[in-house]
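Okay, so chain A shows up in both of these, paired with chain B first and chain C after.
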Partner chain A sequence: MATETGGEQRSEDAGFGRVSRVRGRVFQYLTFGASLFGIVSLAVLLGYVIWDAAGLNTAGPAWYALALATVVAPGAAFVQYARRRPQVKSAAIELFAIIVGGVLTGFALVVVLAVIAGAERWFVYFLTTALPLAAVYLYSRTAEVGWGGLALLGVTIGGPLLGSLLMEPVSAVGAYIGSPAIFYLSVLVPTALLVRSLVDDRLGLGQGNNAALAVLLLPVLAIPVVDTVPLVDRSVWVIFAATLITPVGLVLWKNLSDSRRRAGLVGPLVLILGLGALAIVPDMLNVAGPSPWFDWQYLSSSPSQTAERAGLYPAIIGSVFMIVLVALLTLVLGVGSALYLEEYAPSSGPMGAVTRLIRINISNLAGVPSVVYGILGLAVFANTLGLGFGTVVTAAFTLSLLILPIVIIASREAIRAVPDSMRDASYGMGATRWQTIRNVVMPRAIPGILTGTILALGRAIGETAPLIMIGVATTKFSPPSGLFGKMTAMPMQVYTWASYPSAAFQHGVVAAGVVTLLIVLLTMNSVAVVVRNRIEQGDY
Partner chain B sequence: MANNDQRMTGTEEETDAEKLITTDVTASLSREQTARTEESTPVIEARDVDVYYGTEQAIDSVSLDIPEGRVTAMIGPSGCGKSTFLRSINRMNDLIDAATVEGELQLRGKNVYDEDVDPVALRRRVGMVFQKPNPFPKSVYENVAYGLEIQGKDGDYDEIVEQSLRRAALWDEVKDKLDESGLDLSGGQQQRLCIARAIAVDPEVILMDEPASALDPIATSKIEDLIAELAEDYTVVIVTHNMQQAARISDKTAVFLTGGVLAEFDDTAQIFENPASQEVEDYISGKFG
Partner chain C sequence: MSQETGSFDLRGDRGYQDQRERVYRLVFLACAVLSVLTTVGIILSLALPAIGFFEEVTFSQFILGTRFSPKITPTVFGVLPLVFGTLLIMVGAAAVALPFGLFTAIYLSEYASTGRRAILKPMLEVLAGVPTVVYGYFALVYVTPILDAIPGVELGTFNALSASLIMGIMIIPMVSSISEDAMSAVPDALRDASYGLGGTKFNVSSGVVVPAAASGIASSFILALSRAIGETMIVVVAAGKTARFPGGATELLGSFFKSTQTMTSAIIELGLSDLSGGTTAYKALFAIGLTLFVMTFALNLLSDVLVKRYQEDYN
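== the complex of A and B ==
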């Protein structure tokens, strides 16, 4: 883009003359300036929010000195050390990512399975849906049977139905064995099986059976210790044993057995020890530390009139509950309609005109303001269908409508990006349309579809206007009781707090709410990114 | 599906490489080729076939008989409809909404455009190799086994995959990398992989749409050798933009001229040595096209 012609300016000495690049250069620096401006202003904004949420304004110089000594300096020293040692760096990043990912996944599982679904209900659907799905999938993969896909579809539809029918007796069984045992069976046992195959096949460490046995036994043996720890009950312990402790153990084992990577484990260790020291030492020395708004109390308690006791718990649960439903609905409906529009719908003749009309209108719908969807949700879901004002299901339906056009457009683009030569090859082999979609189109389109869906879900979780329209409460003191329970969402609660007169609310509590929202969003996105990368790796 | 019309016309450019191989067309005709054409039963019979894209006529009343176990070449200038005709045989044109086919196109006496013919079942009997090598982004093995899997065929897949790769003269080059991506092969290897994929399901007829036009001379000559071998077991119909190639490998040649008209259809030797019409002679001698 930087080659503008200016062939007229011929210099005397060189025989070739010169071509002017002035306009190209100017354009290049303009684009650079624009991106720099965007990134810097975003960074300033985020820094400001994090500063407020962490309450760093109360910290004195002595605390900063301590932070420098315990966290920043050792961290920087390690980064300097690892810079020229790729093995060390990759081991450190691996352990760090596993710890962060394990914590976030653990919280996500606790929220979705233990709080939103409830252990007993989860137990029912685990037995009727998740377990048969896994069994059919594994069996059809090893035995290469033709009915695998159909059976998966049948279980996906029939499992939840059967679960609803058997809810009473099976959940009674679940209640009898207790929620720690339920999570032991449904989370830790599958993890142990996964560990066995990972250790034996992927990592080649040997002793897969022993590793699996350790995963199954050690958490049980540790229960007496866990019982003495406040805040952690046995269910939470079992889930975190699966999502955090097992993967960390695996990474430690794998990297410790490799002498070149061993040093990498020091990095995260130094960071954790430093942070621990920073939490304890200032109190002992009577140094004024930060007074964070974003802490455990904030995440686990209900809203309050006093800033110090205010919490976001009901709103977090409400938002996560809602967004899980929205994700399921939009993925099924959005990908379905995109596939129909791209692969099945006629593109010529009178029906072709209808198809074109639908396509154009979906593009237009993506630009409709969210308030309009709010009114639609109020009229259709809350009033006509009687799903209730401000309930989880009404909110999920309304927000699904809001982001469906975006998901459909992104999915269509991803499907259209699959080259026609691939489809030709498949049809030329005598494949049916379904076989072509399943074997050729979808595997290549899924990464793009997921990217679009992530962006759309990010928009949905931050919406307030449609939620206000359908009567979602601005403040609630308990999480939604179920699909038809009244809810509130994080942006609603944050918005309410922002209008409180006290500075503690306007700065501290609101900033902590924004940080929570961002962390939930980040967790959601990372799950999608991990899924997408796994699919892309499977592709050649 | 988008861009249907784009892939129809394609890029019918002749590679310099192909021109280099031989310039004297008649010299490359072998005596064996002329002898083979004598006894033959038609496997495909076209009777007054017209193909339209919307209102535009791409094929104008074409009638010809394609003999069994022979290589039949279709040549002609760009845009003359030879690829369109080829795609009509296995009803790949059905995938384009605007395309309509009239007339009779019979495979072993059965009009493939009859109501009761399932185009998917038809394509399982009539395989196809495309102009641009288009292996799937899967492993070499999965590429060859793809047809077996979607058609639910029985048998030892390992055995069939090996046989197909051997027949496509690719086995020795890929036997150690069956698990690697088909896209990591060179262009010529990819095209032979596509041929292996097509013959793995044992079709009756193999349609080839300029299979060598995107390849270098060495890869081209390998493909040509392969086609000659395939003709021992299969009926091969090949569209080519390269007259020398048609002369080298085909037993019968159909010359299409602009407007989708079949100008001449005869034994290859006859076409190249003694064409009946002046137009065909002009085309073959390079005066246009």
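== the complex of A and C ==
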């Protein structure tokens, strides 16, 4: 309001038309510049780190020309084409997200089921826990029995117990049929069933049975081809057939039958072919290419004092293992808390005060520094409960508590967004509160909850300070052996290497670690964005 | 429910269902209570060892001491150098985050078209999503050499300047998103009144919207300060570990160019050196943690109160 008198005086001698127009323009550009500042700074820094990780300093001009021709130009052309065609854009994003998400899911499954648990042990828990859980869930859905939820709870607790009792004989059976067969039964067969219902019910394409048969038969028929490829053994192939090839096939099928979206499939395809060409052609033409730090050797070897041989493998496995546990814990606890606060908690009376206390408490917990959570984990989980310093469980529990407030806040918003009229309709039909939650509230709130949870998991996977406090090893040469095994994590390894003074580490190995971490984060965020877009389209 | 018998069972089997409802209610209540237990756990796990620490070092020695040297005997545990380091970094980060965050919020709320907002907002969120250890690496490996190349600037390998600048960039979205919420909550009637009096867009934004959203903006500033105080990895990686307390004004400014230790990085250093416990240095970790917790908690509470105020004003 202070400008009022100034403006009045000026308007007397300068006329109305010239009132502080320049000042307004300058201010507008100033605010615009300010909003770009952070983004541009980060972009520059990311440019530096990608330059370092890819070792682009050794690449000659011919390589850049090739890169321009094979990747940049086709990519830019496609983006230009897709810009004004929302259907094409959405199909391209869908395929791209499915490919990247499928690769990462497959990788996570291989790590958790084959590397950490081992095929035979997984076989036991599959038979005693996962299979009964699925059976009970499906039965209670179709038969509408009242005891479904409690039975699920019972199986969740009883299954693992039974599994550890029957470990010896059942894992012997597992060893007899072999690990590819185990993954075929436990991963590919459920995928085929899922595909059948998806094709018939959701996508409305018909031919669900044929699709399921294709999922079951094609990977087996392809085994002679797969056997000739090094690095991919049959178990890995079966798992990736379920997580990557099947979803990609479905997306292709669905979009190919839609003429408006068909063109979108070209984008990711062009990108993949271009990258493939860029990997092969420079060698054939003898063009000086980049010497990347971020390569297969880096992802598959253990840390080393020699920069050229250093790798991130144990840290990647540790991070994946930990984040899977954190995801399970926070989803259950976060959704439970949010349901209580939104659906059950009384807002008045003496219990209302407790509700308010819990709400304020959660928003305050979200502001507690992460290093303090580290101290909590150290005192409670490592020392008092004796879960061990730097073990996977301690880390998972600590990080779960850290992101729980974020998950609860996001879940509450998602649950609150379900209109009350739908709840009232359900109550009006005589449904109980739990039936209303299960059949009305949750199906509509789940996409929002998942988005919030994935974003929070992104925070958890990058956290370092709490891990240091609970005594996670700075360098470890093998992946964790189990829940109570010692672990290390990607950000932990980045932190350790960043203190090595040699340039090969600072500008090479660490840069590659940063790029790995950022790729994982980017994927998680784009999955979250895809889920969120689904909600906005109302197509769930 | 799906009883396809001839007579309808309108009474239903509520006895069992009531039991089930009660069980679920209790399960969900237990989940919600876990968050309260977390707070209790945090306070206990900080306070109990801190009490042990204050049996060995008096409270006034800790809170008023200007030297912090936990490793070399004779050990001294004055927290002031760490508080100074923390505030130094906080001021540097605030110098970047507050103006840029506020201007970003003004642009997003008053000037940006819907399309630009839809692009800018997610990109700003990315700034807050990058892991802090990555920011620390950026500060150490890229920002420090760049700043060092400026003539007249003599930077150490580890210094407070690049750490606080990078931290400021990280905090921008926190300031901008909360400030923008506050500005969007300002009723259009106020804007229209100002336009009606002949105000330009600049007059409206700077003279009406910003003052009207003041409590929300203040709340975002305070939250950003709290975040800067609690930030750990950027400082650990890039700011070094020399606890210093300035003797005069020139030394105060010079501290920006040298290695500095904050409360958070001291906690990490003590935690890394000795996890088995028992020593005074180890217990000092909890006392510092308690100080940090109290400071951030007070700021968060203040920010909460301010947010409530603008929400009550306009909603």
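A few points about this structure:
Convention: the second predicted complex is superposed on the first by the 331 of 540 C-alpha atoms of A that agree within 3 Å, B and C clash if a C-alpha of one lies under 4 Å from a C-alpha of the other, contacts with A are read in each partner's own complex, and residues count from 1 in each chain.
In this text, a contact is a pair of C-beta atoms (placed from the backbone, for glycine too) under 8 Å apart; a residue touches a chain by one contact, two chains touch by 3 or more.
Computed from a predicted model, the values in this text were never measured in an experiment.
Of the two partner chains placed by the overlay, neither chain B nor chain C lies in contact with A:P160. Of the two partner chains placed around the shared chain by superposition, neither chain B nor chain C is touched by A:G485.
Using the contact criterion defined above for the overlaid structures, shared-chain residue A:G374 touches chain C, although it does not reach chain B. Set side by side, chain B and chain C differ in how many residues of chain A they touch, and the one touching more is C.
In the overlay built on the shared chain, the residue A:G430 is in contact with chain B and with chain C. After overlaying the two complexes on the shared chain, residue contacts for A:Y340 are found with chain C alone; chain B is out of touch. When both complexes are overlaid on chain A, the residue A:G101 reaches neither chain B nor chain C.
Comparing the two interfaces of chain A, the one with chain B and the one with chain C have residues 146, 343, 430, 432 in common. Chain A contributes residues 146, 342-343, 346-349, 352, 416, 419-432, 435, 439-440, 443-444, 539-540 to its touches with chain B in the complex.
Chain B meets chain A in the complex at residues 1-4, 7, 54, 90, 92, 95, 97-98, 120-125, 127-128, 130, 132, 134-139, 146-147, 150-152, 180-184, 194, 197-198, 201. Those residues of chain A that touch chain C in the shared complex are 1-4, 7, 19-21, 23-24, 27-28, 30-35, 37-39, 41-42, 45, 48-49, 143-144, 146-147, 149-150, 332-337, 339-341, 343-345, 357-358, 360-365, 367-376, 378-380, 383, 389, 401, 404-405, 408, 430, 432-434, 455, 458-459, 461-465, 468-469, 471, 491, 494-495, 498-499, 506-507, 510, 514, 517-518, 521, 525, 529.
For chain C in complex with chain A, the touching residues are 1-2, 12-13, 16-17, 20-21, 23-25, 27-36, 38-39, 41-42, 44-46, 48-49, 99-100, 103-104, 106-108, 110-112, 120, 122-124, 126-127, 129-134, 136-138, 140-143, 169, 172-173, 176, 197-203, 205-208, 211, 223, 226-227, 229-233, 236-237, 264, 267-268, 271-272, 275, 277, 285-286, 289, 292-293, 296-297, 300-301, 304.
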